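Common to both upcoming complexes is chain A, partnered first by chain B, then by chain C.
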Partner chain A sequence: KESKRAVNSILVDDDDDEEEEDGVERVSWSGEPVGSISWSVKETASSIRSGSEQSFPKIDTTPSLSKQGSGYSLSSLFKGDLYDLSPEETVRRMQKGRAFSLEKFRSLQDKLLLLDEAVAVYDGNLITAVLIYLKKSLSKEILFRELMARDVALRHYVHYLKEMGEQKLLVELMKALGRTEDMALMQYKEHLNIKDEGQRRDFLKSCLGLPFSQDDATHVQDHYTLLERQIIIEADAEIFKKFPRKASILNMPIITTLYYSCFYHYGESEGTYSSPENIRKTFRISEKQYILTALGARAKLKSWFDVDSLFNTKNWLGYTKKRSPIGFHRVVDILQKNSAPVNVLQEYVNLIDSPELKLSVALKYKCHDIVINTYRDLKDRQELVVYREKLERDSPEYRKIQELLNNVQIRWKN
Partner chain B sequence: MASHLFCGRVNLNILREAARKDLREFLDKCSGSKAIVWDEYLTGPFGLIAQYSLLKEHEVEKMFTLKGGRIPSAAVKNIVFFVRPRLELMDIIAENVASEDKLHPRDFHILFVPRRSLLCEQRLKEKGVLNSFTNIDEYILDLIPYDGDLLSMESESSFRECYLESDQTSLYHAAKGLMTLQALYGTIPQIFGKGECARHVANMMLRMKREFAGSHTQILPVFDTLLLLDRNVDLLTPLATQLTYEGLIDEIFSITNGYVKLPPEKFAQKKQGEGGKDLPTEPKKLQLNSAEELYAEIRDKNFNAVGAALSKKAKVISAAFEERHNAKTVGEIKQFVSQLPHMQAARSSLANHTSIAELIKDITTSEDFFDSLTVEQEFMTGVDTDKVSTYIEDCVAQKDPLIKILRLVCMQSVCNNGLKQKVLDFYKREILQTYGYKHILTLKNLEKVGLLKPQSTMRNNYPTIRKTLKLWMEDTNEQNPNDISYVYSGYAPLSVRLTQVLARPGWRSIEEVLKMLPGPHFEERQQVPTGLHKKRNKPVILVKSA
Partner chain C sequence: MAHTEWKDAPGLPDFSLLKRLARDQLIFLLEQLPGKKDLFIDADLMSPLDRIANVTILKQHEVDKLYKVELKPIFVLMFTDLVNADKVAGRFRRYKIIFTPQKFYACETVLEEQGVYGDVTTDEWNFYILPLDDDILSLELPEFFRDNFLEGDQRWVTTAGSALRLLQSVYGSFSKVYGIGRCAKMVYESWRELMEDGEQRTRQPEFAKVFLVDRDVDFVTPLCSQVVYEGLVDDLFRIKCGSVEFGPDVTSSDKSIKVMLNSQDKVFSEIRNEHFSNVFGFLSQKAKNLQTAYDKRRGMDIQQMKAFVADELKGLKQEHRLLSLHIGASESMMKKKTKQDFQELLKTEHSLLEGFEIRECITYIEEHINRQVSMIDSLRLLCLLSITENGLLSKDYRSLKAQYLQSYGIEHLLTFANLRQLGLLEEQQAGETLTVMESKVGKLVNDKTVGKLTDAFSSLAKKSNFRALSKRLALVPKSGEEYDLRVPRDMAYVFSGAYIPLSCKLIEQVLERDGWTGMEEVTRMLNGQEFAVTEARSKTDAQRIVLVMFLGGCTFSEISALRFLGKERGCRFIVVTTAITNSSRLLEALLDNSA
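Here is the complex of A and B:
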């Protein structure tokens, strides 16, 4: 559909020019009607080349003796003999799109001369054409050896093999070059072409022994383990039909998988693949990431109790204390996005360390009690008065402010 | 004529006309009625050269998109393929040819853009269809005039090809394109350059010039200097969020081949009696170039200065319409009426851009935009580039689009000349866990091209470069700018600075800084026929960046 639109757009432009629908003078390339006098005047006026026509210098396909002197031997042209041309001459002919023959270059030395000449003219197409000939007329070992000494030609060869999908040969070449990490990654990349998850999992397993860098080796291992488990989890979900099918976790990133697990398998024992604890341990997920993800999932389900437990830790005296690796203001934001009731929000707003931040968050989310208490603690009478006006006349919060304002024992600062 | 191509200092219309002429010639070669099968990648660039009316003139009756299977039936004599020289496309073409109706065969032709490819023709031969083609030609479309002062090769993948795959074919095309330019606009006397790729292009140009030694063009050189810059000399600029009007349109809605697609709701015409139930669902497509007066005025302004410009324009247009009350005589009324189309166009243009500006403002006034920009500017001024950025960490946690994350971490890396191993490892892990393990490939690629890499033992030269070239201007004036740093509200693009210094006082004055940037820097002179060399007060410099 996209491509259809792209093609149609060329037609659409034409129509637009004629209708000028919303009065916008559409910039059109044929501002003047073709064939009009002003158009032809401009045509001739814009020709600055005295006598010669405007056109791109095109590659000449008709034989002409008057052009290029260098590299041509007239005798060979007269003879019309393709087999007598030197490497330079052959390359020239190739550049001009004329018939040529590479077969005549039999010896290794000649072939290499040909390759070097093609490289010297920088034309990628040409270099590749010569390489194709060398590929079929040289042994693999010799070709590799010679390419290793010729950087530009080597690059083109790699590109050619990639475009032609010659994976096996490419891998061998990489090995010969000692570019083992590149080779490993190239292999690994192929997994993107495998749609079936079972096959993809098996393929990833086959990649495990490849010479990745240490870091990448770990990641590929994780990738395999993850997919393997995702398949199992999906299969179980299917059997027990507990959870809606629409949430497929196949090929999802690990954090997404963890979210899914916190959503549907929260509290499961560490022994099962689908439990959050298991995932957390196996994939070495940081505490921060874990809490953020679990928070998101439980908040979405409105399980405020679970949310609460996430932040409970026991301090050294054995008392339960609330702790969070992410600022509590972030926690409040996430809770609010999931429509947490005010009393739940207030609990976490209260845990915000910085007083300024606490106040601004409380104001933002209308946690009246906290606002009132803060102003009370700051002994700020004026702010209380202002804030009272925002509240409903008979609400408990309104009355609370009234009580405070009437309290003679408080020494207000303003 | 393409009026937007006249407004620069160089008349680029010549280039466009030459391109159109070649296209016409090829179409006439395939005589008779024809249908074009398009490689969809080409429809955009071609749109900058010609539109359907030109094709119609040359008996193009139908157009299709290139895809597998059989070409739809159409009562035309010829089928013409317009394709890039890519092997995958050859396979599709072969399929098309093979499934052609034997009873009513049509003639086949191929136009390779921008060049023929032996590789491709060989592929067609292997598939057994090469002989089915009557005409095989190439259409050399290198540098396409985009606007009065801008040419583009529209080669999206050339950075990837050059720096990642070490495939320098696009440099070859660039050199060819520059040779064409010189054929039309005269030999460029001076060539300056910085970077490996720049050096290659210059070498190719000089070599090509030697090969065509016979033909001297008797044209007064239009360009005084050619400056070739490698992209990797300035990796920072494309990472930063653009802040001009046009820049923001591109950031938010993406401008392709001079067109932008916008959400239709804001552009729906409110006709009388309709309750708004007929809202269009198709995005609104607008062409953007300097032929549109208002756009030409505001496109390069910092977005913060656009509002004022729009209100000013609104007043001017209102006043113009008010003039109808002053028109008393027949002559005056006639004059007013003749102005009407222009005024209506101006008003419509104003309406469009006001809507666009509103859409942009919704984004730029958001908290997230502000936070993101702050972090960018901190990196650019060297603040905290050696630590993990909590903002980036938060964005990853919220699963913001990966491209946003990558831009920021790459920016930090570029401004720090590589990240501390601990910081890099942290970002990598976060990215892989949140966006998927397959991105080890993405990260590897970024490292290869130098955008995201570990710190080397070499010291970070970026602060020195920044100070010497004055890349950060504290008191940049967004409303009435006197320095290019206004485009990023403080940051002056490195590549622009290099060009400015080249023009005056010259690169000799920044030798030390140039050495800190990657790749060789060089200067070449080309022979210009005597009598044609003219020194200008304001030199015309052509900047080409790979």
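Here is the complex of A and C:
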């Protein structure tokens, strides 16, 4: 009874009514009994789209999205069944921010038309709005099937699910699409939300069987192994209270972990998880990377002896020789940054192959002896004179230059 | 040397109008809820809001307390929690959500699902454009880049279209529109759609030409280290919404200072576009001049002194303050740059751009990664390598990726997946053409839709072709020729003479040809999607102002390059961008290593 009164009191208008600014919706009532053939015919004539399926009119109980105002107005309750707009027209209304109702599109065909129309006008907001409706009103199998053929709509749907945190549905969707690697990565990503390291480790373990690409599978395996070991190392450190607690290695990258290990556990046997050797082997760290990291750590601790051992190799005759996979100029840089004494620096400057580089590094770090020897070898008198002026008068290096300059046996080139 | 104003430069439109429009609309919305109100503001909105309506104005409209909300990404959910908590506590308040620049249906759905839809009113504050300077307009939408190019979400297309429509309605119709890129096309169509609603075209247009360009048409430029002053400031100190915070090392005190960086800062406006090597000399000279001006007062009598204090002193003091700030910033830059072996870094970048000694570059990048120098910079170099070389060799890709994950964290394999999808960092696919990919996917879909998918795939997985483009457009000047940075001869000066920004070069060429004729080869290498439309006729002076819209972000280097180009061509460029960007912001948007 109340509805009848409400219906009678509402004034009704046609499709392209522009006067909604006053907040009152005006709805059209042609006077024909709803559902009757004549009503149907009138509505069809007024819609541009011929052949669109006429839904059986009913009271729309969900509030349609209105631009102005909150709450429901009686008139808005009736919009759904009496606005017989085509999908195209509906999308137009949506574009203009006007009130609309999607609920009347109940056939699959209409729904898809709606979606395609939204895609055709390029508006992501509308595409997502339609998808939200389709998510509610279609089984996921049907929706997935239809999205497979609609790439733009599919991308919007994936993004929407991501933003809404609908992890489970996303994974199912990826599976249905055959995007197994994406699915694996999405699931792996969840580990970022797990704060507790033990739980995170367990979660990573559960990711091991996922269909990653071959390379990524190895990386994820490493990730699990790394965290597992970091937890053990931390626990040991805690128990023995040997090392400063502030240096936590949980969730640190492999190289940082290696650095920590070279710092606190240098020289430990390969058998322990915390030893540099173990980390190096387990994670297949290159020689270059290993030496770089160990050098950094031992230099920081000023363990010049350890630094020295890093570069010792035995050649085939059994003699110890110095070798480095990173240029010795780099080694010098790192040593200098850690305030290595000059005699240590000089040792490595001397190992630089290229004479030009050696000289420039020696000059940069004031390795006087090397500079002097180099100029002497180059028979460059002038440079020696110039360099002498940079030195202190009574220093041994100054005197050394003096001796050389006074040496009549040397045949200077200038 | 300094690019000061040239005499017959066309006058720029007054963009403060846009600020006033936005402010008026906000005030209107605030007044819809009369009475005392507390305002919760999204953190990202704080700076833009401040430029439009400061606290005083807000207070004038009965805003009581202001809160900053850092919670991302679901701002709306936090709000619904608040409303529901109030309900439980039996507390009655009225709520309004003002969405800016526009409301998304997804947000309303959240309100509905959380049961608060009937309890709140929602509004849109169509704050589309924030003028950052006389010739820079920003949509302040940094999320545009990731949403559109990585996620494929077109939600901001109509926003960009609306921004154009706003400009058109305030400053007059555009007569010519050029563009390149999938998004550019969509924005154009969207804008036309909006305009069809019978907008009046009575005004004489202030700018006749518009150029729309997608960020992914040129990924190389934003990945290069910037060396013009403003670009360096952005790279090192992060300019936010036209202002920057200088720390104690710059201010030589124990305080930090926040300053606006725009053409109002007289010192800044003279050095902003300059190559860094010129800046210090310029500033020292200015300091000397300043000292001379100060010293004038020595020979003054009381009268003169009074006049001096009244008229000149304030200006000099202001200049002094700005000068010391910028000198401090320059010194700080030099310190940072030498520390990081900047010269070696630039050398590597230039080699990559040139295609020279690539193996050495790869070694450099490898060491950069091994030394854990910087997560973003290592990634930047990898991407630059990939884009200039059309992808990495498989063994290099796998090795460098493994080392990167070792140095910076294995969770970055998610970041690598994103970069691969965008085509920023990928393996060279030997023999795997687009058709092979299509047929693989085609198995999942029926025939008639493969066509649609082709379009989608070809735009999402673009081939780079940088070398070919570089040759064709002469982007990399011949090495061996001396490039005088004090008297730049072309736009390459913004990268020390090593490279002309591709985006700017395209703009130059299209304007010269009034379209894309003769550039078929180039557009093909850029994966097509170019267009040029003549909308209407316009009076001649408007021809001299060109609007360039960057969809996905624009760098200060590109802005400087366009200013240079403008002088060369006798026109002014107005840059509209979805956001100011640089390599850090671009890559940070693509990181997926945290929750």
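We adopt the following convention: the second predicted complex is superposed on the first by the 327 of 414 C-alpha atoms of A that agree within 3 Å, B and C clash if a C-alpha of one lies under 4 Å from a C-alpha of the other, contacts with A are read in each partner's own complex, and residues count from 1 in each chain.
One rule holds in what follows: a residue touches a chain if its C-beta (ideal position, glycine included) is under 8 Å from a C-beta of that chain, and two chains touch if they have at least 3 such contacts.
Predicted, not measured: the structure shown is a model, and the values here were computed from it.
K.L.:
Is the number of chain A residues in contact higher for chain B or for chain C?
P.N.:
Looking at chain A, the partner in contact with more of its residues is B.
K.L.:
Identify the partner contact of A:L177: answer first if only chain B is touched, second if only chain C is, both if each is, neither if none is.
P.N.:
A:L177 sits against chain C, while chain B stays out of touch.
K.L.:
Answer with first, second, both or neither: which of chain B and chain C does A:K364 touch in the superposed model?
P.N.:
After superposing on A, A:K364 lies clear of both chain B and chain C.
K.L.:
Between chain B (first) and chain C (second), which, if any, makes contact with A:Y188: first, second, both or neither?
P.N.:
After superposition on chain A, A:Y188 lies in contact with both partners, chain B and chain C.
K.L.:
Once the structures are superposed on A, label A:K140 by its partner contacts, choosing first (chain B), second (chain C), both or neither.
P.N.:
In the superposed model, A:K140 contacts neither chain B nor chain C.
K.L.:
So, A:K337: does it touch chain B (first), chain C (second), both, or neither?
P.N.:
neither
K.L.:
Should A:R150 be classified as contacting the first partner (chain B), the second (chain C), both, or neither?
P.N.:
In the superposed model, A:R150 contacts chain C only, not chain B.
K.L.:
Looking at A:E163 after the superposition, I want to know if it touches chain B, chain C, both of them or none. Which is it: first, second, both, neither?
P.N.:
Once the two structures are laid over each other on A, A:E163 reaches both partners.
K.L.:
Could you tell me if A:D216 is touching chain B, chain C, both of them or neither one (first, second, both, neither)?
P.N.:
Touch status of A:D216: both partners.
K.L.:
Touching A:I255 in the superposition: chain B (first), chain C (second), both, neither?
P.N.:
both
K.L.:
Where on chain A do chain B and chain C both make contact?
P.N.:
69-70, 97, 121-126, 128-129, 132, 152, 155-156, 158-160, 162-164, 185, 188-189, 191-192, 215-216, 219-220, 222-223, 226, 251-255, 283, 285, 289, 292, 330
K.L.:
Can you list the residues on chain B that touch chain A in the complex?
P.N.:
Listed in rising order, the residues of chain B that touch chain A are 1-4, 11, 13-14, 17-19, 21-22, 25, 38, 40, 43-44, 46-47, 50-54, 57, 63-65, 67, 85, 87, 115-119, 122, 138, 140, 165-169, 171-172, 175, 179-180, 183-184, 200, 204, 207, 210-214, 217-219, 259, 269, 285, 287, 289, 291-292, 341-342, 344-345, 347-349, 352, 394, 397, 399, 425, 428, 430, 432-438, 440-441, 444.
K.L.:
Quick check: in the complex, which residue numbers of chain A touch chain C?
P.N.:
63, 65, 69-72, 95-97, 121-129, 132, 148-152, 155-156, 158-160, 162-164, 177-178, 182, 185, 188-189, 191-193, 215-216, 219-220, 222-223, 226, 251-256, 283, 285-286, 288-289, 292-293, 326, 330
K.L.:
Looking at the complex, which residues from chain C come into contact with chain A?
P.N.:
The contact residues of chain C facing chain A are 73-74, 102, 104-106, 108-109, 117-122, 124, 147, 151-158, 186, 189-190, 193, 197, 367, 370-372, 398, 401-403, 405-411, 413-414, 417, 444-446, 449, 452-453, 456-457, 592-595.
K.L.:
In their shared complex, at which residues does chain A touch chain B?
P.N.:
Against chain B, the touching part of chain A is residues 2-4, 6-7, 9-14, 22-32, 34, 39, 42-43, 46, 48-50, 53-59, 66-70, 94, 97, 121-126, 128-129, 132, 152, 155-156, 158-160, 162-164, 185, 188-189, 191-192, 215-216, 219-220, 222-223, 226, 251-255, 283, 285, 289, 292, 330.
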